[in-house]
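Down below are the structures I want you to see.
Presented sequentially are two complexes of subunit A, the first with subunit B as partner and the second with subunit C.
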Partner chain A sequence: MIKNVTGYFFVLFFVCFSFIAHAQQQRFPKPEFETEYQMPETSSPMPRAPFMEYVDVMVLILVMGVTIWLIFKKRSRKGIFWVAVFALLYFGFYRQGCICAIGAVQNLALGIFNPGYAIPISALAFFVIPLLVTLFAGRIFCASACPLGVIQDILIVKPIKIAPWIQKTLGLFPFIYLGLAVLYAATGTDFIICRYDPFIGIFRMGAEFHMIVLGISFLLMGMFVARPYCRFICPYGAMLNIGSRFSKNHLSITPKECINCKLCKDSCPFDAIDFPTEEKENKPVKSDTRRFLTYAAMIPLLVVLGGWAVSASYKTLSKAHSDVSLANLLIANPEKMSETDNLDIETFMASGRTLEMLMQDATLVQEKFRKGGWWLGGFIGLVIGLTLLNQVIYRRRDIYEANRGNCYSCGRCMEYCPVGKPDHPYHQLDPKNQNL
Partner chain B sequence: MTKRIDRRNFIRGCARYSLGFGLAGVVGFVAKDTIAGEWVWQIDPFKCTSCGRCATHCVLNPSAVKCVHAYALCGYCDLCGGYLKPGHISRDTAAENMLCPTDAIKRKYVEEPYYEYKIIEELCIGCAKCVKGCSAFGNGSLHLQIRHDLCVNCNECAIARVCPSDAISRVPKTDPYLIKGDFNKGEDV
Partner chain C sequence: MNQTDKINQTKRIILIAGIFTALVSLLMMLNYMQIRGSKPLESKALEVLVEKLSAEQGNQELIDEIRQLDLLARKAYFSSLWQIRTGAWLLLIGGIVLVIALRSYYNMQFSIAPPDTDNPGERKSRLLAQRWIGAAGIIVFLLAGLSAFLSADHLQQYEAVQASLNENQPDDGIERIRITSQDADDDIQVIDTAEVTDVEEDLSNEGYGAESTRNTDKKSDEEVIEEKVKEAIPVALTTSLVNQNYNAFRGPWGNAVSNHSNIPTDWDGVTEKNILWKVEIPVHGYNSPIIWGDRLYFSGANATKRVVYCMDRHTGKMIWQQEANNIPGSPATPPKTTEDTGLAAPSLTTDGNSVFALFGTGDIIAFDMDGNRLWARNLGVPKNHYGHSSSLLTWDNKVFVQYDTQDGSKVMALNTSSGNEVWGTSRTSDVSWASPILANVNGQYQLIVLGNPDFSGYNIKTGHELWNVKCMSGEVGVSPAFGGGLAFAANEYATMIAVNPSTGETVWEENYYLPEVSSPVYHDGLLYIGTTFAVIASFEATTGEFVWEFDANDALYSSPVIADGKLFIFDTTGKAYIFNPGREPELIASPELGEPVYSTPAFANGRIYIRGNQHIYCIGTN
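So, the complex of A and B:
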């Protein structure tokens, strides 16, 4: 009983207090000055000029255009490197990581699902341009325009080879991350890509301690496992990977015919060079056909199973939303309503929203998560299914060539190719190679 | 040999154009309500409960949130709830009497009995102690605003995420402030 009374007292107190806190009340009239006093203006320093965001878009287009020229015409790794350094300085350290194409997918999702938010044209451009370029020239954006990629790329020291099965398994994560990011952005919960961007703290020279630690550990790891963020986390990279597989043109290791000299074999720090199929052991073709059909038949099953599993865990997923977490907390511990050391509860109690209103809002959010969970889970199931299916497709290959999905078009392999370079040491080993 | 490559290229081309058109479709879908300018973050002073998280959660240190003073609202009081601590010993500029932890409010005598209060933004950390005091005991002329010469305009504002009263939202870049007006304009800022 006594507890109840104190509870009511607190509610009353907060209602009164909130009135005080929000009010703009003329308790004291504006003075009428007798002296020549001039009231100062309240200053309002303006943000960066609006046209500058189009300058950013122009810089992006320019950087990617120059990179395309350097890859396809000049075949110059050095040139790509310096363009990349420029992009790192501009988009990374000068623009401090925002705006960025990786995060723009969330703005797009929010723009589609939230009628109250209109996506800025510049954010849309940052999302679309790298994807379009990828469809026609490969992952140019990753090569030189992405500050997150470049900062890892220039710190590669001694890359180790990673077993293909590890790469393929970890390579599923970007798709899951992409799906989650879209779900969280669409439900208006959070922009997780921006929140867990490991390098933004380095660009800004300051962030929360654990994000700085994460960023530095990614860079340290990246000295040996080249570009770990790009390969195993980046959600935009997942989209570019798919686009690049079907690109019209792509960086080629050799300018003319591949002579199978194997010099480029170990040049790629990202294990993104596919070897001729003779080097692989040939699998029996018959059983592969059966496996192909089995995996293909499994895909719808995986989609439904994934959709069901993610949708069923909507309660866990939706906890990230502030309304849901607050409602959960208050339903589980009603006594906390009178607590004064929890700022969120205190503000909620003072806001005039009732618990029923909060629960209604939370239920709406959870419903969105339940529906979105089907899409997210279905998407994850599809990606897993297609990855499995891809394992059993046999492709004959006679030459060394870049894997279009995984290649970042950094151009390192081009330097190793002796074709078209008469003074390359390879030709001196065997004089008959001279005319190659 | 050549036939096989042709088939591969054909599939690749089909996939490329379907991805391209898919992308164009998505863009077309959102393009109907794009805006020309960017959004920036701003605090609605009427929703703000001066909880103090702006000082601690901004990605910048010190925070891009500063206290601003709507002079048109100010009562120019000698006994200022935003300047002096509750229970201050005397009404002077001694540190023990002052509410602001960084001495960012400058008090200037205007005429009897009025004083002008000015925020020195270089010192302000956006802790909202003065805002709380001014709203509770005065006219509410001191309030928090995100200063756009400092704000790096994160895609996801770190303080908007933790704001307990959802007072921080996106506003058009062309009109980036929600500074309190005077009483004649009412609560319409």
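So, the complex of A and C:
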């Protein structure tokens, strides 16, 4: 009963947040007295001191360093949890989700493709440091330093198992999102990762209504489907997933030799534990070899097909760019040029640019999208091809172990392992049951 | 406390935190609903009182009552906002307690259950995954491909829409009041130069396009038709007409050389000796007056209005004044400018058919010679920490605008008849305050423009940059000069430079004396400058070698002008220095105006027109 009641409380609590945020968008008009009263000058808050950016980087390094120590030396899930709470408060509520490693990939893309944009050192550090750490110790950033991950993590209530085929299929989306984010940043269109960050409104206690609803939806969903954003959307997570597969060290469920007690089998809310392979699956199967060869041969075809299809959709993709959308709007509806209640049109008219100039700029943007579409489509084709290929490669496993790519190094599984814990309930079990 | 007690206590905390959270949520929702629908300033009572006040203006009791009501409404609104903000914090605290209690509850309930033996077949699962991954790939590619065919791209229709726009002339940000055959450049009838040289020196009404034949009281049908034809056909601007008038900042081509004669050298503003008339300027501005025929044009602006003035230059009588208002894209609140620049620093220009004015708001406007508005548009509010000050120049049916702002720099040519951009060339320069000049280089006109760091020449037909020397720095407010086949530029804390505009090669560079506001002038092999620290100096134009210097009384903001073979320059106190140009500083006279002068004088035969800080003066001999 209590589970039901708390569930309703949660819903009510988060729905309310949306109202608060929306209410804060209201602004009260200034008084309109025609008297000698002088309106006070609008004052702007002082910008944050530049050295604080380096403080952020130091905090990131510190949080990840402590987490590594807690995973590899102390094997303490509790410790990881509290470090994560600190990171949530600092990077989430205090820094209000900015600066963020997830969005930094866009700064990097813009910096590479636009020579006029200088990427801030702190943004570069936030992008590079978690990646480097991942190569040495797994997804430490996801474990405790990412406020987006942590806020979902602490709200996990009763996680359900997601079928592997769903996970693998939805696992394509972070790569597609990553490619799109890079394309939009490189063309100077938008930072879509930041724009559609569902949790930023919660950290800032105010955002557009639909974004608050989206954030709440993710949190509510996350009570049952653990870390939905991290698993099926996060573009930076996609990069860390790849990096973690090649990590030098990684969290291990058991501190010593695995006794195959199977207790950790259901411990991971993210379904990131690989089971020992069955004997029959260790034997080579002809159909698998045939499939492997087929998929390998298909990869170049998928790259070209993807490149062509996405490049051909440049008109749709480029409409997110303000110049293209405005040019489309004004060319389709020339009468709108005199509309004074449309802010975009008003800004355009005030800029002194002509329709011809807008049209030229829009055409240039479309051309960038056409070319960029080949790269994006090719990348998507490659990801699909490699994911398919990965499905027919079997690796022999004799123990339960964390999947290096999918594991967020949260340390939950470590708690389940009875090895080295004499007072673990497992040791009180009947020895017959121990052989399950 | 045993485990069961702990669990029970946690349950109670969950319940209390949950009820608290739910209650706060409910109250906040109610508050939100209330505030969302609340429009306190639109209250009926307030409207009634305001209406009443408009009938009884000055009724203090009523004003106080309105204020009280307004204050109450505001208090109520902001109290609601405070409640929502406070509620949000309470909700957050309640939420945190609830989450902690829930986690504790589940942790206490935690027990490691023996695992089941059901282990799903990995091969089967992988086969399913392959199918779905393949399906997802097909869906993604199909969606992309479909969008290529289904997405509407109106950019392809641009040509057709543009043609239709040109045909129907809708409001595209350019206000067209009167459409004449001027709209097509090809239709402009070029009057033979020989004809215009016959125009009387005193520049009576004849020969000035649309102005002509207007003063006839009664006209026959033929005359009316003839007048309409004359109205429809603009007079092309010729070298002769430019030289006969003073149609821009620093006169013909902006080069500070006037061809007029009998210019007075003796006057006194205090005793009004040789002051033919003196008129108070209605709205302040720093632009310099320009002349066409019998008329003098200038502008003024303040926070509420921007006005163009036309005066009878013989009498000082205001012929017309027109506000530059209701311009699409014009900012509701003018940009901030400093006191010493304001919103009316750019000088006007005219081609004898229209008068063009630019303001610090980015508004550019054209009137015909009778003050009828022809077109107006906003070029984009210039981001400039002092205020935009670059003056306009016209030639070849184009109005040239140097638009160097903090948001980007550009030089552009607008069609004199429509305001449409004929060409626009982006520049790499920083914000600047200098004005462009025109130079006839080997028979071709170049627009010479100075900014930071670019000193450049542009083809006036196409806008292509012909040469560029990156030589300037700091805040560039000094306009270039041209003479002896060389283009000159100078700026305080930077350099003085001579460039061959045929090749773009630097001929010499010097920094002995440098101007800051006043622009240089070339005459007979010498270059003259006036500095803000009150030095008038002369240099060899071909080598840059220093020739002479003269100490003025005060800073020189006004630019030197060569008129009637003499060099005229005003200091900021209003004292003029008149020299016989040459290799010795031969001061002819130094009359006082008695009023600060920051602008540059305009010249006509026997007349000097100078804008003081408060008045505009006509100097001449009675």
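Definition applied: the second predicted complex is superposed on the first by the 373 of 436 C-alpha atoms of A that agree within 3 Å, B and C clash if a C-alpha of one lies under 4 Å from a C-alpha of the other, contacts with A are read in each partner's own complex, and residues count from 1 in each chain.
What we mean here is this: contacts are C-beta pairs under 8 Å (C-beta built on N, C-alpha and C of every residue); 3 or more make two chains touch, one makes a residue touch a chain.
Everything numeric here is computed off the predicted structure, so don't read it as measured data.
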Touching partner for A:350 - first (subunit B), second (subunit C), both, neither: both
Which of subunit B and subunit C A:316 touches, first, second, both or neither: second
Touched partner set for A:114, first subunit B, second subunit C, both or neither: neither
First (subunit B), second (subunit C), both or neither touched by A:165: second
Touching partner for A:106 - first (subunit B), second (subunit C), both, neither: first
Which superposed partner A:76 touches (first subunit B, second subunit C, both, neither): neither
First, second, both or neither for A:50, with subunit B first and subunit C second: first
Which superposed partner A:403 touches (first subunit B, second subunit C, both, neither): neither
Touching partner for A:384 - first (subunit B), second (subunit C), both, neither: second
On subunit A, positions contacted by subunit B and by subunit C: 20, 22-24, 26, 28-29, 31, 33, 346, 350-351
Contact footprint of subunit B on subunit A as seen in their complex: 18, 20-31, 33-35, 37, 39-48, 50, 53, 96, 98-100, 103-104, 106-108, 111-112, 115, 117-124, 128, 131-132, 135-136, 190-191, 194-195, 204, 206-207, 242-243, 245-248, 322, 343-344, 346-348, 350-351, 396
Contact footprint of subunit A on subunit B as seen in their complex: 4, 12-13, 15-16, 19-20, 23, 26-27, 29-31, 33-40, 46-47, 49-51, 53, 59-61, 68-77, 110-111, 114, 116, 118, 132, 135-140, 145, 147-149, 151-156, 161, 164-165, 170, 173-174, 176-177, 179-180, 182-183, 187
Footprint of subunit A on subunit C - complex, ascending: 11, 14-15, 17-18, 21-22, 24-26, 28-29, 31-32, 35-36, 41, 67, 70, 74, 77-78, 81, 84-85, 87-88, 91-92, 94-95, 98-99, 102-103, 105-106, 111-112, 114-115, 117, 119, 121-123, 125-126, 128-137, 140-145, 147-148, 151-155, 157-158, 161-162, 164-165, 170-173, 328-331, 362, 377-381, 403, 420-421, 424
Residues of subunit A touching subunit C in the complex: 2, 5-6, 8-10, 12-13, 15-17, 19-20, 22-24, 26, 28-29, 31, 33, 154-155, 157, 163-166, 168-169, 172, 176, 205, 262-263, 265-266, 275, 277-278, 281, 285, 291, 302, 305-306, 309-310, 312-316, 319, 324, 327-329, 331-332, 334-335, 337-338, 346, 349-357, 359, 362-363, 366, 377, 380-381, 384, 387-388, 391-392, 394, 416, 424-426, 429, 433, 436
